[in-house]
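Pasting the structures here.
Shared between the two complexes below is subunit A, which has subunit B as its partner in the first and subunit C in the second.
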Partner chain A sequence: MTLAVFFGCAFIAFGPAFALFVFTIVKDPLRIIILIAGAFFWLLSLLLSSLVWFIAVKASNGAQDPTLHRGLLIFGVFFSVLLQEVFRFAYYRLLRKANEGLAAISDEDGLDISVRQMAYVAGLGFGIMSGAFSMINILSDSLGPGTVGIFGDSQYYFITAALMTLALTLLHTFWGVVFFEGCEKSRWWVIAAVVALHLLVAGLSLLNPLYEGSLPPVYGIMLLMAVWAFFSSGGSLHNLSALCTRKTQPYTRYIMNE
Partner chain B sequence: MRKMEDLISINCVKLLIIALFYTCVSCSSVEQKIYVELNDTVPCVRLLNATHQIGCQSSMSGDTGVLHVLESEDDLDWILNTGPHPPYMIVMETAFFNRSVMLRMKNSSRVSGVAVIVSKTGLAENFSPHTTCPNQNTGVYSEDYGPELANCNVTAWNPLGNGLSYEDFSFPVFALKDENQTQVIRKCYEDHNLRVNGSAPQYPLCAMQLFSHMHAVTDTVTCMRRTDLQNRFSINPEVLCDPLSDFNVWSSTRPLNNSAKGHKTNESVVIAATRLDGRSFFWDEAPAAEGTVSGIVTLLAAVHALHPVTQQAPPLRNIFFTFFQGEAFDYIGSSKMVYDMERNEFVIDLDNVHSMLEIGQVGLRSGRDLWMHSDPISFKNNSVKDEVSLMMKNMQSVAAGLNISLDEPPVTQPLPPSSLQRFLRVRPIPGLVLADHRTSFINRYYESVYDDAENLNVSYPPNLSPDEQLVFETEEAKSLAEVATLVARSLYQQAGGEERNLNNITADPKIVAQLLYGFLIQKNNSWFRSLLPPEVTKKGANSILSSGPPQFYIGVGPRNIGPVHSVTRFVQYIMANLTGTVTNLTETQCQNPESKDLFSYFWVTGPSVNGSGEPLCVRASVRLAKAVSPAFERMEYGSRDYSTWTESRWKSIRARVFLVASRELEMLTLGVGVAVLLLSLLVTYFISSKAELLFSSSRETPTTTY
Partner chain C sequence: MNSSDSEEDSYNERSALVQSESPTTPSYNQDHDMSLPEETDTKRRRPVSSGLDEPVPVVVERERVATPDGEEEELTLKYGAKHVIMLFIPVTLCMVVVVATIKSVSFYTEKSGQRLIYTPFEEDPNSVGQRLLNSFLNMIVMISVIVFMTIILVVLYKYRCYKFIQGWLILSSLMLLFWFSFMYLGEVFKTYNVAMDYPTLVMIIWNFGVVGMICIHWKGPLRLQQAYLIVISALMALIFIKYLPEWSAWVILGAISIYDLIAVLCPKGPLRMLVETAQERNEPIFPALIYSSAMVWMVGMADVSNPDSANERQRGEGGARAQEGVESEDDVVQGGSRRYSAEEDLEEDRGIKLGLGDFIFYSVLVGKAAATGEDWNTTLACFVAILIGLCLTLLLLAIFKKALPALPISITFGLVFYFSTDNLVRPFMDSLAAHQYYI
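Moving on, here comes the complex of A and B:
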């Protein structure tokens, strides 16, 4: 659909991820390492789940029957979500175990990064890689002159794909924060909730092309997760009000820096 | 722990390698949701000569336009003036493919391409995209030779010609021949692009993209200069255009020593000639039934009729049969043969030539007369005049015996476009051109895609199997057989043969019927298969024996199915079959014979009796002679004397149909994207600068994380 749509969808899908990367990750080499390693872990989970999908399709002789194809798709999505969460947990364990090594290579004595920050970066890594894999294929096809629709699909395909990718990227970030917090405090119900929400979002995407049924609920879940992640990473309503009132009391700043 | 990690990674790698060996599971990419690729496209390509470029061109990345079907005058007005979604890609009904509409499209900036529906419904009474005066600058008539007859002053040979083939279009023009494909396009148009109650259709609209980017521009001189530069200075030279070239087929009743070029002593030759090629507006589409096939079939049948008599009672002179390739493009084949004859590089030279009989368009006779055209200017030479008069008298006496009415047109009429004109440019040779038209062509579809079997009235009763159709003698076959008998007897007489043998020379209508079937309906038939080499017969679909009638456009050589054009191959092997003798050489002996001076050896499949047959070696005096314009040998790319036609090269020619969205939606997407990006940059900056405040209770000393 030409260059305008290409750039529009690219900005929609990767705008927030780009902004987060530029303002929070880029200056700290440790965070870059954790980000890339997180992306790699997501990639590993995708590799394994695609192998399972491959074998499943081959085993069912190519899945020519549409209902069987749909069933296989649902199974594939379910399995992929579970694998992603397993790898998130694995990454958590790895990061905890690697604390010593990371402390050794950092400039100052001890680690300059907290688990909460690692959680955020890991989640962002997962989100960026997930977004890239969802969107790059579609972006390259959006460069041509045609738009989706000649076989009856909706013509808003590119925009909704970009919006979905945006939501997923942010969702992965928030899930990372909440998940690691849950693992730290050994609150297993938190982990279960994250997995359940991830499954719910994946299931909602299966409702496409009924975009009204998939996008608004996903954005609702994203807002919910944003709030949850805010509170679980140390934010509080007191801080928010302090933020607003701080504007009228600039001199309190030096108090916080002790 | 480390070893286990290594093991896991090794297993992962093994799994990956195994997985890579599997073929793709189900590649349902987004591209398949968007585009419908059209197979079997028939484009119009760019041809260049010394001064001009003709044909069609698309832009490098294809031309896109909103589809509109041109069925009525309202549609024309919509496309050119009032439609709100220019540029348009026109799907043109047959009736609208004429000069006035195409020139209006050419001058409009709202047309991005044309797809012409090629069908018989709505076909006009006549349609010839060729010029009114074919080959007018490379014939014999010029300022120096018969100026009052030059440039078709006396007779416009093709008065119905609209010259479309010689226009230069800056948009692609494709032909839609496949009915199923046309249906796909129509359905897309009806679903999305129809006007409801006179108001414009809403987005998304159905659009089509045509790719036919041609690499050559301006003219042959420019193109060859650029190709030379590429060849000299580039590591990966890119050729931009190729000269049109192929091979002439020649044979003689008495074998000639092909290794000794130049004048042959005591050899006087009567040339019997016809053309091998045709053309149309579109590339590689030229059924050329009346224009070319009638001549080829007549001459081949005459060859077959003459063969036994010339072996038993050889006439005084040799009879030299030749089929000239490339005559539609300023006489490529005949100019090359004359050029070689002049420089003693051909098996005979011009002193050996006694006279010439050329067979023009003879297919639309059907009860009407035949005409013998001659060149009035050459009559100034008395010996030529006497010889031509004698030829005409002899032919008329033969025709009287055959109940054919043969006459000569008005004396001051020039020769029609024919290969004889190239011979006359060099030397006054007595010659005649046999044709079914007295003045202008009777052929209403000269050099167009509609000059097919139906134009010649060749049709078969239904419920005949292909083998039965092969031997079914249509009216046209019988008519052409009569002409072939006339030609054969006249040639025998012209060559000094005895009168008493004339009645033994008769063309076989069955051979004519088989030739007509093979050249007009289906080239993959049992007779053609039996006289072609075994490797061609076995290749199947990807060889010169693909399904359907052959196409007569000369093309550029070499091709992926062989160095020689399919029609040239057919004529060569048919001549070998009709005039050759079977030898008992083995395959290796046949392909490496002891002496190739007098004869050529052909390894052919042979007749298959009940599905099996033994290949055999046929010896015949049939040769191929290269037919490329002398302008390219002399490197005079701007020559006015010789043909300078070249065909441009291209990378890809394809077409696809898809939907396009409105400009507003695209801009909206871009706007939303930019807004999201800016907003997220702002918010992230704000939050990250206030991060210490917002996430203050997350401040932990590093030691507590252990």
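Moving on, here comes the complex of A and C:
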């Protein structure tokens, strides 16, 4: 509970997202708008799912019974995950419509932003907002005085929260890419897989505070999704090798420049 | 309704100094600040009531180049995203300043017994009904003051009392730049326990105030002018956050966005009448109290015949303009055709304008969200909601190409998100965080 913890956890949780923002989003105003709109859609989904949870809690007469409370919370978690994916799909539809509309109007080749770039930015928007909502209150508490785990809870609360937030932020980004690609190519199994993985990650987080059960698998899933997103957005081993050997070919493609 | 957006001074743009038309002090009254023609050097009048000024919620203006029809759409869209970001940044900065101050300097969240004279009814925390009633009464008083001031403004403008208006504006900005910033600095020093002697303080405040007056009312570098406008909006918002009672503040926010909508869009709305009057007289409207995001450079105008040059100048942005709503420039206001010859080296950066009243009310909303409670999620949610509202407003501006109010959509989203995040999302997220479940 010191500045060191605050900065450490802040950088762990938000470092990569911030770097992605600074290097890929900041220069292009349209991407900033898509990012913030993505954050807004995630927020809407959270709002609706909190409403449902709140109604459920009130309807079952509150949180007197701890197991009932916990059960309702778990229901809230899964419902929220489903709703987030629904809103991700809704955002996809909105972006497609906007893309078509603007392409139809302007003479030049529409906007110079492709669906894949929008997918990445939308995913990052979801991820940043999700991470911010999970982590900001915890960060602000870590600045103040206190002892972690004084009632017998785990001492590693802050660091695991930060690590989990990081994983989720990146996961949302990868899910965005894969999801939009699945929608574009009408591959519904891809969409189902994304939803299932999101549910799985949320389910794994239910194992907390048994961190061995939640963090390593989540990171494993994240690496898997990273690879999947890379290949689904047009990457290939050829690209990677070209990147590494720095061959100057006209064919060198980078993921962002499609 | 098209409002012409012109900066008389815009043809001075070759230098880096941007002349601003009028003092930017927010007048507590609302809505309109009229911009008057430069020749008469009058600026908007700001009703000065007791020194509390509240800039009118403003119109965002967009300038568009006159181009042949087919190109207009494309240019609108091409420049759309950039302009949105040009407004996101100052709005974000203002909100950051307000939230940072609220979270660190406790003065602005302490409720002293004092109230503004515009909210005379005290809120009694014991009785919900009474409290609600009093806050509605406060709201009625405040809105009627605003409407009254606006009508006086329209009347003054109609009868061309430009000097009066200008004097009033100068008085208002004096008060804001010197007194309120002195108070603010004093509170910051108290919070951080910094010892400061009076001579140094006087020098700091004097320099700050004088440079501010010059930048805002006369000429100054664009960035400095923008910075001053952001700072005075933040100061004004902080005053509102401190002195408006809890429930009254929310009710007033809601009411003022409704009023903004009515005043800008209804045919008999004061602001609309103002804009129409200014158009009839072929004068620029509201040069002051508007945050302008860009400068226009007019290089090598081939045809400087009167109507054209007047039109060209109108495209310039000079000072801040306070206006209600969002406005995009109407190129054919004069009816004259604008010659836009390709070989002219006319470099133009079309900017966009947002009134200081909008800045202030956005910051009041976010500041109040930050002031109530330990929860940062609410503040973040309101922030995102306001930005999205602004984005939608600018989108509507691009579609409708006329003056639009900038408050309603953002404030509505902000209010909805504030109340729902505070009451619904907060318990949910707190329970999740307690168990470390992640969604």
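The rule is simple: the second predicted complex is superposed on the first by the 236 of 258 C-alpha atoms of A that agree within 3 Å, B and C clash if a C-alpha of one lies under 4 Å from a C-alpha of the other, contacts with A are read in each partner's own complex, and residues count from 1 in each chain.
The rule is simple: a contact is a pair of C-beta atoms (placed from the backbone, for glycine too) under 8 Å apart; a residue touches a chain by one contact, two chains touch by 3 or more.
Values in this document were obtained by computation on a predicted structure and should not be read as measured data.
Trainee: Once both complexes are superposed via subunit A, do subunit B and subunit C end up clashing or fitting?
Mentor: With subunit A aligned, subunit B clears subunit C, so fit.
Trainee: Could you say whether A:Tyr92 touches subunit B, subunit C, both of them, or neither, answering first, second, both or neither?
Mentor: A:Tyr92 sits against neither subunit B nor subunit C.
Trainee: Pick one for A:Gln84: touches subunit B only (first), subunit C only (second), both, or neither.
Mentor: In the superposition, A:Gln84 contacts subunit C only.
Trainee: Is A:Ile12 touching the first partner subunit B, the second partner subunit C, both, or neither of them?
Mentor: first
Trainee: Contact-wise, after the overlay, does A:Leu168 reach subunit B, subunit C, both or neither (first, second, both, neither)?
Mentor: second
Trainee: Going by the contact rule set out at the top, does A:Asn137 touch subunit B (first), subunit C (second), both, or neither?
Mentor: A:Asn137 contacts both subunit B and subunit C.
Trainee: On the A-aligned overlay, A:Thr2 touches which partner chain: subunit B = first, subunit C = second, or both, or neither?
Mentor: The answer is first: A:Thr2 touches subunit B but not subunit C.
Trainee: Going by the contact rule set out at the top, does A:Pro29 touch subunit B (first), subunit C (second), both, or neither?
Mentor: Touch partner of A:Pro29: subunit C, not subunit B.
Trainee: So, A:Phe54: does it touch subunit B (first), subunit C (second), both, or neither?
Mentor: A:Phe54: touches subunit B and subunit C.
Trainee: For A:Phe180 in the superposed arrangement: first (subunit B), second (subunit C), both or neither?
Mentor: Neither partner.
Trainee: I want to verify one number: the closest Cα approach of subunit B to subunit C after the superposition, in Å.
Mentor: So the smallest C-alpha gap separating subunit B from subunit C comes to 5 Å.
Trainee: Could you list which residues of subunit A make contact with subunit B in one structure and with subunit C in the other?
Mentor: After superposing on chain A, subunit A residues 47, 51, 53-54, 137-138, 157 contact both subunit B and subunit C.
Trainee: Which of the residues in subunit A end up touching subunit C in this complex?
Mentor: Subunit A reaches subunit C through residues 28-30, 32-33, 36-37, 39-40, 43, 46-47, 49-51, 53-54, 69-70, 73-74, 76-77, 80-81, 84, 102, 105-108, 129-130, 132-134, 136-138, 140, 157, 160-161, 164-165, 168, 201-202, 205-206, 208-209.
Trainee: Show which residues of subunit C lie in contact with subunit A when the two form their complex.
Mentor: Of all residues in subunit C, those touching subunit A are 70, 73-74, 77-78, 81-82, 84-85, 88, 374-377, 380-381, 384-385, 387-388, 391, 417, 420-421, 423-425, 427-433, 435-439.
Trainee: Which of the residues in subunit B end up touching subunit A in this complex?
Mentor: It is residues 12, 15-16, 19, 22, 25-26, 29-31, 33-36, 62, 64, 188, 204, 206-207, 209, 656-661, 665-674, 676-677, 679-681, 683-685, 688, 690, 692-700, 702-703, 705-706 of subunit B that touch subunit A.
Trainee: Going by the contact rule set out above, which residues of subunit A touch subunit B in the complex?
Mentor: Residues of subunit A touching subunit B: 1-2, 4-5, 7-12, 15-16, 18-20, 22-24, 47, 51, 53-54, 57-58, 62-63, 99, 103, 110-112, 114-116, 137-138, 141, 144-151, 153, 155, 157-159, 162, 166, 230, 233-236, 239-240, 242-243, 246, 256-257.
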